[in-house]
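Structures given as structure tokens follow.
There are two complexes below, and they share chain A, which is joined by chain B in the first and by chain C in the second.
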Partner chain A sequence: MKNLWITLPAYAPDYSGICSAFFDLGGISVVHDASGCTGNYTGYDEPRWFGTKSKVFCSGLREIDAVMGNDEKLLANIISAGEDIRPAVYSVIGSPVPMVIGSDMKGIARELEARTGVPSFGFDTNGLHLYDEGISEALCALIRRFTAKPEKRISEGINILGTNPLDFANNGNDLMLAQSLEEKGYKIVGKMMMGASIEQIKALASAEINLVVSVSGLAAAKLMEARFGIPYVAGNIVGNSGEVFGMLEQTRADGRSRVITDKAEDGILIIGEQVFANSLRRAIKNACPGAGVTVALMAGCQKTLQGAGDVALTDEDSVRRLLSRGKFQTLIADPLFGELPEAEKLKLIPLPHAALSSKLYWDSAPHFIGCDGEKIISAAIESAK
Partner chain B sequence: MIKIAIYGKGGIGKSTTASNLSAALSQLGMKVMQIGCDPKSDSTKALMGGKAIPTVLDRIREKGVEQVRMEDIVFRGFNGILCVEAGGPTPGIGCAGRGIITAFQLLEELGAYREFNPDVVLYDVLGDVVCGGFAMPIREGYADKVFVVTSGEMMALYAASNIVSAVRKFENRGYARMGGVILNKRNVEDEDELVMKAVKEMDSELIYTVPRDKAVQQSEQLGKTVIEALPESEMSGHYRALAKKVLEVCGCELL
Partner chain C sequence: MNCCDNIFCNSLHYASPAHGGWGVLKAGQLIPESYHLFISPAACGRHGSLAAQMEGRRGSVSYLHLKEEAIVSGDYEQEVLDASDLLIEMRTKRGLRPKVFSLFVSCIDDLLGTDLDAICDELGGKYPDIQFISCHMNPTTTDTGLPPPVNIQNKLYSVLKKAPEKDAGVNIIGVLERLHPDMEIYNLLREMGVQELRHISDYKSYDAYQSMAKSRLNIVVAPPGKYAAQNMQKNLNIPFIMALTAFRPENISKTYKQIAEALGAQCPELAPYENAAASALRETAAELRGIKIIVDGEAINRPFEFARALIEAGFTVHSIYEQKLIPADKEDFNWLRENRPEIPIYQPQHPKMTTAEKTNEECVAVGYSAGYLSGARHVVDLGGQNGLFGYRGVIKLMEMIKKAASEEADMKKMLQDTVLVI
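Moving on, here comes the complex of A and B:
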């Protein structure tokens, strides 16, 4: 049946993406909802919050507040929480009920800022979109607000756009990526959003180039290209692949943005985050040019990144239909996909994706760079023989 | 782009005022878009030769939100004025305020403002700011100035006062600012004095007085605005003067 999620859980929604994006900024995130679901944002949709002290609150929206449009109660509670915590920023985040009653999250944030003097952001999220859209929206809002035109560019200055634990786990993948770039002589200007700070965001436009490492960073890269003329490369380092470095050099030389993408072919199916999946496909094809690889997306399919024949999947039913076509021998995906009956005959190479399976496989999330990444590439090539 | 919202008690002559204002502005060489924000969906009738146009919510009902195209909801009326009606849910059920929000979101998704790039967008809004949906036209990114239409009748002045309070309440949120009050005369006793006193209490300004004139009813019977049906009439002159005053309040440099 269409639109039913029977075996697979739902992906993290847009408000969880916003919470995740603001995690490192030293702010308070307030989800305007009835409470009871706070555990999802703090415990399951954000690995870093599980078991740690968090600064995310639910407003405890009640029926009478919704009927009366009692925004004052929400504002008073946020201001009261802020008196103890002294946040650097506030984010006020919508959920289904505020959407239905037409709460103006941006307006509430403006009022909050007028009363406290603390930069405040409102987001009309509603849980009907996925985490990547929430992160994208947060990144763009922060850039519009804080990023200033630079006095001069930093030679070999680079921003990393799109790191988030829902795609990158919380095992140091983001740090390894930054280290790899630094070893090649790049100077990291800003990291969005793992390791981000407001000072970094202010300086983003002094970078020469942006590296988009997940689909959540693409809108921010396009915004900075339009505003500041900074070109971008969309790709990830997988295993020992040096593909991204070559593209970065080309883009620095000619100022043209580039993305890693290839034509879809039968054989190996990757279901995951689009930038990483594209980069993994390229790494497999570089190591074994005859290997056929298709990328399928359950979340965040961007046309800019989509190879000819790549598949945007809308629900569990569409995954099952794709798997049962008999075109694939190997499936590289979150282990939960292996539980679908249609995946039984396929060789599964596990690639945990926290946006789907939350903490179930956090401990076995691979390092994208180095041995773990190479193992995935080797296993894929082995299965293609 | 000048963005204006017209509010006022139901039946006070908002749509008549809005349509004549649009017509007068279009004759000043401006590209005008009028958006009716009332489930009754009759805001733009006088600009469309007396015919009702399909509303945004009608189209969503018929085709599904994904399938609605710009040409399904934006219609050209008198002097090229772009007419849109937000519409409403089935009477008696649904949520009219949420309907306005949905219609506005669709207009934005379709890029209506970008595509037509009007000089003036005029939102003609149902009687009162009764809920979040009907405050939508004055939120950030929509109207910059709010004009309230009233007569000297007590209920009309009461509604006007409520609207002014609502607009002021949201000033911290960067919402639209008050542009002023328009008196649409009903010829009640001491009308000018009553309205002046009330406007003073609202801490607002009376920007224009539109007299009561049978030209309005005659034009409505023809399914037209006064500007179109009786262009040489005294009332057309009043609406033209109102248009110039509104532009002046909005800081428009065209005049």
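Moving on, here comes the complex of A and C:
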């Protein structure tokens, strides 16, 4: 039945995406909720939470405040917390109850900024949308606010757009990616958002090129292309594949944006984050041109990145129906998909995705670059034989 | 340093990695042979669903994710009915037809005003062999008379049917885990003529669970069970007694005497038990000389009563972490403020906790939040549902404190091994 989730958990929500994006910025993020929404983020959507200095708080929204529309209490409590913490920015983040009562999160942020002088952002998130939209919205809002037109471009300057622990885990994938780019001679201007800072965001437009490494970074790339004329490449490095580097060089040369994508074919089904899934498919096909691979997305399906025949899934029922079609022998996906009865006959190659399975498997998330990535490719090729 | 001048103040809430507990879904799943349909925006069910997966409870709950249009129109009753039909059919085919089917809703439902009772009635008409109940995960009601931990306990016992006659059994209400089998309450109640000490977690079948309705007394050992006990008195004719977990030996004795009185029985000799508990407190205090104790209100229901017990036995209490003073702990809070005003009281959810310095002193923290927030080198692995009660509860906790003092805590691993939901 549509919208009925019998086996799988929900994906990480939009407000977790906002919190994740602001995590490294030295600000205060406030989820306007009673407790459980913040608990989703701190307990299940943020692998970096243990030992962090990041300031993410819950507003402690109560029934009476909701009924009376008491925003003043929220503002007073944020300002009070800010007096001790002295944040670089504020973000005020909506959840289902503010949606129902019609709270104006952007208006609250404007009022907060007027009273404190600290740059403040409001997000009308509501828990109905997914984390990638939250990250994307946060990143675009930050760029609109802080990124200035540069006096000059940095030769081989590059921004990484879209790193986040819900797609990349917290196992150093982001650092390995940055290191790989630096080893090729690129100078990293901005790491968005794992390792980000306000100073980096201000300087983003001095890069020559943007590398979009998850669907969360695509809107920011398009925004910077429109505003600053910076082209982008959407692709990830999987295993030892150097395809992204070639695309980056081509794009630097001709100024045209590029994405890794291929048309869908029966055989192997990848369910995951779109940029990574596309890149994994390309790596499999490069190694084994005859392999058929389809990419299916439970979260963040962008047309720009979608290969012909790739599938946007909306709920558990749609996954079950796709798996039942009998077109796939292999499933590369989070281990939780293996618990669906329809996946029983498929060979499962596990690809833990924290945005779905959270701490159940985030400690066993693979390194995208190098051996782990190669193992996934090899296993896929083996299954295709 | 207290978080603010009036100690328990209103602020933004910080959720440390150590904050959390069972969550209402896990509590609801205690009802034997129950199935649960969680109806909410997708986000609301995520943490409960993952926690259920981690603990092998995911098989008895499904989630109906409400979309924007359904919320705006408020028109999702048919979806709920359809989902219930499908799930009941699915469970029946597997030989797992539920005896109780709960409809869980989240905060927004309080504002949307869905008539869940009407849906339950409609489903009840269609499936007369199944009891349908509505449950709420609505922390927006935390400061009302019916917050989620209280409401869900009431729901647990609302499916009991009035028994024609009482037996010699007694129920333990208020805690979600059974009291440790080595607590003396089992022996003492037997001596008071109680044949069976019943707890919801004892039952695998709904029919067997109904035996709790035969009990002659409810013993409420933690405050969240009081409202349920009041309703059980009204609906099932089971009287109740408040017998909150205590750590001062004299308080424990007082509790047992009250239980005996409520049962109309003679109270057994308590002195040997009381002396043993008092000795355990004193001996542990002597053994730990130089090591201070940090008390955590998330692990111990009445942290000020516990702190007083420690102080009276010769311990040095370093600090107390408690978010909000509960009425049942007020007397000991006042005693502490009068007699040990220098002991700091921290609100674990106060934003200042994120900038507070960790302690350099040699301390044992009793509970996860206190352990994480204070940075104590030693931490007692103790959550809120810990099965401790009575004199042997004191003795067991003293053993746990001594064990914790002898080893350096791996806080990260401790939290990885426990499943917490906010």
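FYI, the second predicted complex is superposed on the first by the 378 of 385 C-alpha atoms of A that agree within 3 Å, B and C clash if a C-alpha of one lies under 4 Å from a C-alpha of the other, contacts with A are read in each partner's own complex, and residues count from 1 in each chain.
Definition applied: contacts are C-beta pairs under 8 Å (C-beta built on N, C-alpha and C of every residue); 3 or more make two chains touch, one makes a residue touch a chain.
Source: prediction; values computed, not measured.
Partners chain B and chain C fit side by side in the overlay (superposition on chain A).
Using the contact criterion defined above for the overlaid structures, shared-chain residue A:I154 touches neither chain B nor chain C, since it reaches no partner.
Touched residues of chain A, counted separately for chain B and chain C, are more numerous for C.
When both complexes are overlaid on chain A, the residue A:V30 reaches chain C alone and has no touch with chain B.
After overlaying the two complexes on the shared chain, residue contacts for A:V100 are found with chain B and with chain C alike.
Of the two partner chains, neither chain B nor chain C is touched by A:I79. In the superposed model, A:I108 lies in contact with chain B only, and not with chain C. By the touch criterion defined above, A:L313 reaches neither chain B nor chain C. Between chain B and chain C, an angle of 90 degrees opens at the CA centre of chain A in the superposed model, to the nearest 10.
After superposing the two complexes on their shared chain, the closest approach between C-alpha atoms of chain B and chain C is 7 Å. Comparing the two complexes, residues 100-101 of chain A contact chain B in one case and chain C in the other. Residue ranges on chain A touching chain B, taken from their complex, read 69, 100-104, 106-108, 110-111, 114-115.
Interface of chain B with chain A (complex): residues 95, 97-98, 101, 131-133, 135-136, 139-140, 170, 172-175. Against chain C, in their complex, chain A makes its touches with residues 1, 3-7, 9-16, 30, 33-40, 42-45, 49-51, 53, 55-64, 66-67, 73, 77-78, 80-81, 84-85, 95-97, 99-101, 126-128, 315, 336, 357-360. Of all the residues in chain C, the ones that touch chain A in their complex are 10-17, 19-20, 40-47, 49-50, 53-54, 58, 62-68, 71, 79, 82-83, 86-87, 90, 106-108, 110-112, 137-144, 351-352, 354-355, 412, 415-416, 420-422.
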